[in-house]
Amino acid sequence: MTTMARLLPHPILSPTLTGLWLLLVNSITPGQIVLGLLLGWMIPLLTQRFWPEVVTIHKPFTLLRYIGILLWDIIMANFTVARLILGDLDRLKPVFIQLPLSVTSDLAISLLANSITLTPGTVSARLSEDRRYLLIHALNEADPDTLIATIKQRYERPLQEIFEQC
Amino acid sequence: MLEYLLSFLILTGAIFTFIGSLGLLRLKDFYMRLHGPTKATTLGVGSLLIASAVFFSNRDAGLSLHEILITLFLFITAPVSAHLLAKAALHLNLHSFAKIPIKSIKEKASSDTIGIKH
Amino acid sequence: MEALVAILIGTLTGCGVYLALRNRTFPVVLGLTFLSYAVNLFLLVMGRLTIGKPPIIVEGVTEYADPLPQALVLTAIVISFAMTAFVIVLSLKAHLEMGNDHVDGKHKP
Amino acid sequence: MPNSYIILSMNLSLVALIPFVGAIFVASISRLGRLHAAWGAGFVTLLALAILYPMIADVFSGQIIIQRFSWIPVLGLDLAFRLDGLGLLFSLMILGIGLLIILYARYYLSERDDMGRFFAYLLMFMGSMLGIVLSENIIQLLIFWELTSLSSFLLISYWQHRQESRSGARMALAVTGGGGLALLGGFLLLGEICNSYDLSVILRSGDSIRAHALYLPMLILILLGAFTKSAQFPFHFWLPNAMAAPTPVSAYLHSATMVKAGVFLLARFFPALSGTSEWFWLVSMTGLVTLLVAAYIAMFKHDLKGLLAYSTISHLGLITLLFGMGTPLAAVAGVFHIINHAIFKASLFMAAGIIDHEAGTRDMRRLRGLWKFMPHTALLAMVAAASMAGVPLFNGFLSKEMFFAETLHHTHQPLGWLMPAAATLAGIFAVAYSLRFIHTVFFNGEPVDLPKTPHEPPRWMKVPVEILVALCLLVGMLPALTVEPILAVAAAGVLQGSVPEHDLAIWHGFNPALWMSIIALSGGILIYLVRRPLSAWYEKIGDRLEFRSLYNYMLNQLFKISRYITHLLNAHSLQQMLFVFMLFILALGVTGFIDNVSALTGDRIRLPVDGVSVLVTLILIIAAIGAVILHRQRLVSLILMGAVGLGVSLVFIKFSAPDLALTQLSVEVVTIVLMLLALYFLPQFSPRESGNYVRSRDALVAIAAGSGVSLLVWAILTRPYYSIADYFLSNSVTGGGGTNVVNVILVDFRGYDTLGEITVLALAGLGIYAMLHQLKLSGSEQDSQGQIWDHDLHPVIMASFVRLLLPLALLVSVYILLRGHNLPGGGFIAGLITAVALIMQYLANGVAWAHSRLSVNMHHVIGAGIFVAVLTGVASWFFDHPFLTSTFSHLHWPIIGEFELASAMMFDLGVYLVVVGTTLLILIYLGLVHKESHLTNVRKRIR
Amino acid sequence: MLDLVISIALGLVAAAVAMSFWRLLRGPSLPDRILALDTLYVNAIALLMLLGIHLGSALFFEAALLIALMGFIGTVALCKYLLRGDIIE
Amino acid sequence: MISHMVILPVIWPLLFGALLLLLQKQSLQVLRIVSISSVSVLVLLTGWLLSVVNNGEILVYALGNWPPPFGIVLVADRLAAWMLIITALVSLCALLYAVRGTDTMGPHFHVLYQLQLFGLNGAFLTGDLFNLFVFFEILLLASYGLLLHGGGRLRTMAGLHFVIINLVGSTLFLFAVGTLYGLLGTLNMADLAVKVANVASEDIALIRTAGLLLFAVFALKAALLPLYLWLPAAYAHTSAPVAALFAIMTKVGAYSILRIYTLIFGEQAGPIANLIQPWLLPLALATLVAGVLGVLASTHLRQQVAYLVVASVGTLFIAFGINTSAGIAAGLYYLPHSTFAAAAFFLLADGIAKRRGEMGDRFEPGLIMMHQRIVGTLFFVAAVLVTGLPPLSGFVAKFMILQAALSHTALPWIMAIVLITSLFTIIALARSGSLIFYRAQAPQPSHAATDSHVRPSIVSDINGLVIATCLLALCVVIMIWAGAIIEFVQATANQLLQPDDYIKSVLGVEK
C-alpha cells in the first residue's frame, strides 16, 4: 500500500464527504471548507477498517446518465404505483420473478437491487445464496421476460460498466 | 411564480405520501403493500424536501440545500428496508397472491448449518 | 390543547403503571419505558405549552419556550435510557439464572 | 440524720470499675494456668474491698459520698457514684459473698471448665452489681442494671453445651432484660418529673413525685423492672430455670446479688415512691402472692436447687411485701431480711452444690441418708436450713419475726387479717420445705442409685459455707452486737433519714408474732408429715404455676406470628411490592390533592387545538393502549412502543423542544435494538397468568394513577407561570457563549447535572458489562413458530449500504456535536449518532466482523470522557473560579475567519466520549454474549 | 395560497399517518407492522417538513434527518430479528 | 483550595473512579491501593469539612459561578458534613473488607465503589432539588452494580426487584420535582423554601401533593413501611462489604426527608408547614414493628441483620418524627451508630457464614468454627449494640430518643413500641447467638471425614474480624465521646430547625 493510499484510502469518498459537509452546514465559508476538507480526510481514515475495499468508478459519465435514468424512472414509478393503488385492486396481477444476475460485486448487486426497488412496481425480495438470482416481486406484471430484459438492459449493464469493467 | 412552484411541490408531496399510506392500507397481501410506501414516499417526501429547500433558500439569504441530504439518505435506505422486509416476509412464508418460487436446493441445504459461520 | 396534553400524559402513565404491574420482566420493562415517556412529557410541559418558540436565541425575538424543563428532560431521558438498558440486561440475566422470566423467578419457563 | 456530702476524687468509682478491668485481667492471665484466674479474681475482689474500706467510717458517720464525672451533661447523663448506708451494705454483701463464692468455685469447677471465662464473667457481673448499688445517677444505675442481665446471661449459659443452660439463660435475659427496658421507661418518666436523674434530687422530691400525673405509669414501669429482676410473681419462672447455671453462680446470683437488685430498687426508691395506696397495693400484693405461691411450690420440688430457687422467690416476695407495707419499720425489717437471706441462702446453695458435686445428682428422690457420708456438710446445711425456716436462735428467725409483727400493723384495713394469715401460711410452707431439704437429703433411708459414692468435699470448699453458717449463728444469737450497726446505717440509707426504734432481741415475750412463729413451726412439721397426698395433688397443677410452658408457648406464638406476618408482608413478590407502592403513592397524592380551598383549574389562557395535534395525540393514546392490550405478544408491543416513541418526539417538536426530539429519537432506536437483543433470549409471548381479579385490580390502580397525573397536568397547565427561565434566556449568549439555551444550560448553567448524568450512563455501561461478564446464554435455533432461522447471516444488500452509511453518519454526528452550543444538538446526541452508526455495522456485518475492526477499549473511552469533563471543570480553579465555570472567546484566524472556542465544548466532548463508550460497551458485550450463545449451540449439537 | 395548500397537505399527510397507524395496529403479520412503523417514520418526516414551511422555522431539519437515520436502523433491526432472531451475530 | 473544599468530597471519588477505569488493565494490587487511598483521603477531607462547618457556618459553593437560584449550588452545613464523614468512615471499612476477595468476584468493583461515593456525597451536598435527583440516580445505579456484583440466583432476583422498584421511585421523583417547578418556577431548595412559604392559596393543594409524592420517593429509599419490602432480600443476598456499605444507603432517604421537610416544608412553610408530620411517626412506629417481626422470623443471620436495618430505619424516623430539636438530635446520634453497627454486623455475619462452611449463616447448629471465641465475643458486642442495651452507643441513642419523646403526645405509643421491640430484638438475637455459637459442636474425626456438608471451612483469615472490630470500635468511640457528639448533633438539629440561616447563606437575602 502506498503512502498515498494509506493517507487517502477513499479518494472518491473524501471529496464527497467534503461536499456533503458543506451541504449539511448550508454555507460555503473558508472556515467550513477547511473543516469539510479535514473531515473528508479524517473520516475515511478512521473508518478504513470498516470499509477496506476501494471503490473505483470506471465510467463517471455513465454514472451520471444512470442517475438521470433512475430519477426519471422513479418519478414514473410513483405515478404507475399511484394509479394501481387508486384503481381496482382485484385486477392486479402480482408475480414473483427470478432475475438472473450478471453483476458480481457486492456494491453493484446492492445498487441494482436498490434501483429495482425504487422503480416501476418492483421490489427486490431475495438474493439467492449463490448470488446468481435476484427474486423480484412485481405489483402488476403480465410479461416477466420483458421485465427481466428491461432491467438487465436499463440498469444492470450500466452498473456493470461503472463498477466492474477494468 | 415561486408560490406556484412551492404549492405544486407541496401538493405533489402530500398526495404521494397519502397514496403511499393508502396502498399500505388497501393492498391485499404483504408483498403488494410493500410497494405502496417504498415508492410513493420517496417521491412524496422528496417533493416536500425540495419544497422546503426552495422555501428556505428563498426566505433566507443563502442557498438552503441540506434537505437534499435527507432525500439522498432516504433513497439509499428505503430500498434496503423494503428488501429486508420482503426477505423477512418470505422467510415467514407470508401469504402471497403471487406464486412464491421455492428456494433452490442449495439454499435449503445450507440452512442446516446455520450459526457456524462468522 | 392543555386538556389534550393532560389526557395524553395520563394515559401514558396509566399504561405504564398497568404494564409495570405485570409478572414477566419484558412487559414490566415496557411499562417502565412508558412511565419514562409520561414523565418526560410531564416535565416538559411544566414550562407550559409553547408552540414554535424553541429556546434558541435569535436577535429580535423576545418570546421563547422555557429552556430549563427542556434541559431537565434531556437529563431525564439520558438517565432513563441508562436505567432501561440496565434493567433490560438485568432481566436477561435473571432469566438465565432462574430459567424463566417471571419477575419473582417462580414459575416454570 | 443530716446528710453531708463529700466529693472524693477517684476512689468510689474504682470500686465498681475495678471488677471490669479485673475481668479482662483474669481472662488474660488464665492462659498462664487454670488456677491463676481464681487467684486473680480473689485478688480483684479484695482490691475492691480495700478501696471501699476507708470509706466505711465516713458512711457510718452519716455521710454520703458522691463522685461525679461529666459524660453527656446535655442529657443529664453524668457518671455519678454514691455511697450511703444502703449502698455500703450491698457493696459489702456483693464483695464479701463474692469472695467466698470465688473460693468455692475454685474447687467446684472441674478440669473441663474454662476458669478464665468463668471468673471474667463473674467479675463483670460483680462490677455490674456494684454499679447498681453505687449509682447516684439513675440512668447510670440502669446501665449497670442491664449489664447484670447481660453478664448473668453469660454466667447462666456458662455450660453452653447443655440445652437447659442455654434456654435458662435466654429466659433470664428476656425477663430481666425486658424488665430493664421497662425500668428505662420508668426512669425517664421519673427524670422528667424531677427534672434530674440524680438520686439526691429524686430522693428529696418524694412529695412532688407522688403528686405528679405521671406517677402511676412511672411507678408501674419501675416496679416491672424490680419485680422481673427479683422474680416476683408472675415473672418468677425465670429463676428456677436459671438454676442450670453452675452452683457458684446460683449461690451468688440468687442470694446476695442479681435477685436482690430488684429489692434494692424498692429500698432505694422507698422514700421517693412509697407511701401511696398504689404503692401499697401493687407492691405488697405482688410480694404476698409471690411469698405464698413460691413457698408452696418449693415444698414439692424434687430438684435440690429448684427447692432453693422457689424458696428464694418466696423470700424475695417476703421482702417485697415488707417494702410494700410502706412503713419505716417494715423497711428496716426488709433490709434485715435481705441480709439474713443472703447469708443463709448463699450457704444453702453452696451446700447443695457440694452435695451435687459429691453425689453427682440433685434429685431429692435419689439423695437420701447422706448424713453418713458427709456429716460436716450436713451440719452446716442444717443450720442454714433452720435459719431459712425461721427457727429461733438463727438469724432468719429475727427478721421473720419482725415481718410477722409488721403484718399485724395492717389489721385495721379491709381484709386486714389476710396479711398475717398469709404470712403465717407462708411460714408454715417455709418450715415444711426446709424440713424436707434436711430430712430427705441427710436422713430418710439410704441413697438411691447415686452416680458416685459421696464423701466430704475438699477442706477449702467448705470454708465459705462455714463462714456463712457462723454468721447465721452469730447474727441469730447476738444481733445487736453483729448486725445492728450495719442494719442501722443501711436502714438510714433506705429511709434517707432517721431510723425508727427497733429491737433486735431474740425474746420479745409472748406476742402475736411469736405465736405466728410457733404456728408456722408446728404447721410446717405437720405439712411435711402429710406431704405425700399434697405432692400427688401438686403434680397435677404445679406445672401451670411454674409458668415455664406458658412462657415457651408465648415465645413460640411470638415466633410463629412474626413468621406469619413477615411472610404476609414480604412475599418476595415484585408485583405485591409495586402494588403496595402504587397504593401508597395514590394515598399520599389524594391526601395532598383534596382541599376545599384550591380550585382545580387556573385562569391561564389556553392554547387552541388543531387537527394534527388531535390526530397525533389520539395515535399516541391508541398505540399506548394497544401496547397494553397486546403486551403478551412481545414483539408487537415493542413495535407499538416504537410508534409511541416517535409520537413523543413529534410532541417535543410541537412544543418547541427540538433538542429533546433529537435525543428521544436516538435513544428510542438504541432502546429498541437493546430490547431486541434481549428478546432473542426471552420467550416471545407472555403467558396469561393474572386472573380477572388481578387484572381489573391493576387496571383500577393504573386508571387512578393516570387520572391523577392528568388532573395534575391540567391543574398546572391552566395556572399562570413565573420561573427563573428569563435569567437563562438573557445570559445564555453573554455568559455562556451559546444561542442554544438548552445546551448552554446542559453544559454550563447546570453542567454539574450533566456531569452526573454521564456518570449514570457510564455506570449503566459498567454495570451491564459486569453483569454480562462470564454470562453464558444459549439462544434458540428457531423462532417462536418453530421455524429455523434464515440462513443468510448478513444480507449483502444491507451490508454494503450500511458500510456506506458509516462515514455519512459520522459526518452528521460531527455536525451535531459542533453546532450543539448554538443550535439543536450537542455532545449527547452526537455521541448517540456515532454509536448508532457503529451499531449499524454490527447489525449488518455481525459482531465478530465489527468487533475485530473496532479495537478501542471502551472502558478507556468512558474513563477518558469523564476525565475530560471533570478536568474541564477543575481547570476553572486555576482562574480562581468555582468548579465548571466556563469561558469562551471568539477567535479570528486568517482564511478561516471568526470562530468560537468555548470550554463548554470541551465539556461536551467529554459527554460525547462517555455516550459513545457506554453505548458501544453495552452493545458490544451483549453482542459477544450472543456470539458465545451460538458457540454453545454448536457445542450442544456436536455432543 | 400557500397557507391553504399547506393546510390541505397537512390534511393529506395526517390521513396518511392515520392509515399507516391503522396498518400498524391491524397487522396482521409482523412484517406488516414493521412496514407500517417504517412508513410512519417517513410520514413523520413529511409532517415535519410541512410544519417547517408552515412555521417558517429551519429547526426541523435535524429532526427529519435523524428520523430518516433512526427509522432505517429500527426497521433493519426488526427485520433482522424476524430473520435471524439474533440481530448482531 | 480551601475555597473549593466543599466540592472536593464529590469530585474526588469521581476522578478516582475515572482513573480506575483508565487503569482497568493494571494489576489488582494497583487498583486496590488506588481505591483505598482515595477513600482514606476522603475520610480526611470530610473530617476537615466537618471541622470547618462545626462553628455553624454554612458554606455555599456556586457551581459554574452562576448565582443561586439559577445555577446549582452545593451547601455544606453541619448535617451535610455529618453525613459525609459517616459515609467516608463506613465506606473505608467496607472497602478494606472488600479487598480481601470480594473485589475479584466480578469486574469494575472499585470503579463502582468510587462512583457510589460520588453519588452519595453529591446527594448530601447539593442544594438543588433536581440535582438531588441526578445524584440519587448515580448512587442507585452504582448500588445496582455493587448489589449484583458477584452474581448468583438470589442476588440477581433481589437486584431485579430493587432496580425495578427504584425505577418507579425515580419516575415519581421527577413527577414531584416537575410539579414543584411547574408551580414555583425554581429548583434551588432554598429558593423553593422561600416560594413555598409564600405560596398562593389556590396552589396549596398542588404543592402539598408534590411534597407528599416526594415523601414517597424518599420513604422508598429510606425503606420506611410500606416501602421497605425490597430491602431484606437485597441486603441479605448481596456480598458482605456491599451490604455493609449499604448500611448508609437507607440513610440517604433519611437525610433527604430531614433536609426537605425541615427546609422546604418545615415549621416555616406557612400553610403547608409540617407537611409529613401526620405520616412520619405512625409509619416509623409501624416500620419498627415490621422490622422486628422480621428479625424474629429470620432464618439466617444476614436476613436477620437486614431486618435489623429495617428496624433501625423505624427507630431513626421515630426520632425524626418527634420533630423537635431533641428528637432530631437523637436521630442524628442514632444515625452513625446504626450505620456502623449494621455494617459491622454484616461483615461479622459474612465471617460466620464463611467459617461455618456449607452451614453458612443459617440458624442451625453446626460445628465449632475457627476463632469461635473471638467471633462470639464480637457477635455479642454487635448484638448489644443493635438491641440498644447498655452501655454502648445503641443505649445512648435509644435513651435520647425516648427522652425526646417525653414531650410528644404519642409518648405512650413510642415508649411502648420502642421498649417492646427492644425486648423482641433481645429475644431474637439471644436465640440466634445461642444457635450459632452455643450449640456448635466439636467436630468428631470420623464424622468430619465422611460427612462433608457439616464440615466447617478452614478460614484462618482474621483480618475480616479486625475490620468488623473497627466498626464496632467506632460505636464505642461515639459512646465515649457522646458528650461532644451530642452537642454537635443538637447544634445540627437547631440549625435544621432554623432554616433562615440556610436560606440566607444560599440566596444572600432574608426570607
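Which chain is which? They are A, B, C, D, E and F, in the order written, and residues in each are numbered from 1.
To be clear about the criterion, contacts are C-beta pairs under 8 Å (C-beta built on N, C-alpha and C of every residue); 3 or more make two chains touch, one makes a residue touch a chain.
Since the model is a prediction, treat every value here as computed from it, not as a measurement.
Visitor: So which chains count as neighbours of both chain B and chain D?
Guide: Looking at chain D and chain B together, the chains touching each of them are A, E.
Visitor: Counting C-beta pairs in contact, does C-F beat D-E or the other way around?
Guide: Greater number of contacting C-beta pairs: D-E.
Visitor: Measuring centre to centre with C-alpha atoms, which chain is farthest from chain B?
Guide: Between chain B and every other chain, the largest centroid distance is to D.
Visitor: Closest chain to the protein CA centroid?
Guide: So the chain sitting closest to the middle is F.
Visitor: When the C-alpha atoms of chain A and chain D are each averaged to a single point, how far apart are the two points in Å?
Guide: That pair's centroid distance is 75 Å.
Visitor: So the centre of each chain is just the mean of its C-alpha atoms; given that, what is the distance between chain B and chain C in Å?
Guide: 30
Visitor: Counting only Cα atoms for the centres, state how far chain A is from chain F in Å.
Guide: Measuring from centre to centre gives 62 Å for this pair.
Visitor: How many angstrom lie between the centres of chain C and chain D, each centre taken as the mean Cα position?
Guide: Centre separation, chain C to chain D: 41 Å.
Visitor: Provide the list of chain B residues touching at least two other chains, using ranges where the numbers run on.
Guide: 15, 22, 34, 36, 64, 66, 69, 73, 76-78, 80, 83-84, 87, 89, 91-92, 107, 110, 115, 118
Visitor: So which bits of chain F are touching at least two other chains?
Guide: Residues 130, 134, 137, 141, 144, 148, 151, 157, 160-161, 164, 168, 175, 179, 181-182, 187 of chain F each touch two or more of the other chains.
Visitor: Can you list the chain C residues in contact with two or more other chains?
Guide: Within chain C, residues 20, 25, 28, 38, 42, 45-48, 52, 54, 56, 68, 72, 75, 79, 82-83, 86, 90-91, 93, 103-104 contact more than one other chain.
Visitor: Every touching chain pair, please?
Guide: A-B, A-D, B-D, B-E, C-D, C-E, C-F, D-E, D-F
Visitor: Given the complex with chain D, which residues does chain F contribute to the contact?
Guide: Those residues of chain F that touch chain D are 1, 3-4, 7, 11, 14-15, 17-22, 24-25, 61-66, 69-72, 106-108, 111-112, 115, 118-119, 122, 130-131, 134-135, 137-138, 141-142, 144-145, 148-149, 151, 157, 160-161, 164-165, 168-169, 172, 175, 179, 181-183, 185-187, 191, 201-206, 208-213, 215-216, 219-220, 226-227, 229-230, 232-233, 279, 290, 292-297, 307, 384, 389-391, 395-396, 398-400, 402-403, 406, 412, 415, 419-420, 422-424, 426-427, 430-431, 434, 437-439, 441, 482-483, 486-487, 490.
Visitor: Which bits of chain E are touching chain B when the two form their complex?
Guide: Against chain B, chain E makes touches at 1-2, 5-6, 8-10, 12-13, 15-17, 19-20, 22-23, 29-32, 34-36, 38-39, 42-43, 45-46, 49-50, 52-53, 56, 58, 61, 64-65, 68-69, 72, 75-76, 79-80, 82-83, 89.
Visitor: Inside the complex, what are the residues of chain A that reach chain D?
Guide: 13, 17, 20-21, 24-25, 29-31, 34, 39, 43-44, 46-47, 49-51, 106-107, 109-110, 113-114, 124, 127, 129, 131
Visitor: Looking at the complex, which residues from chain B come into contact with chain A?
Guide: Within the complex, chain B contacts chain A at residues 15-16, 19, 22-23, 26-29, 31-32, 34-36, 38-40, 42-43, 62-66, 68-69, 75-76, 78-80, 82-83, 86-87, 89-90, 96-101, 104, 106-107, 110.
Visitor: Quick check: in the complex, which residue numbers of chain D touch chain C?
Guide: 572-575, 578-579, 582, 604, 606-609, 613-614, 617, 620-621, 624-625, 627-628, 631-632, 634, 637-638, 641, 644-645, 648, 651-652, 654-660, 663-664, 667, 670-671, 674-675, 678-679, 681-683, 686-687, 689-690, 698-699, 701-703, 705-711, 713-714, 716-718, 721, 723-725, 728-729, 732-733, 739-742, 745-746, 749-750, 753-754, 757-758, 760-761, 763-765, 767-768, 771-772, 775-777, 822-824, 828, 918, 922, 926
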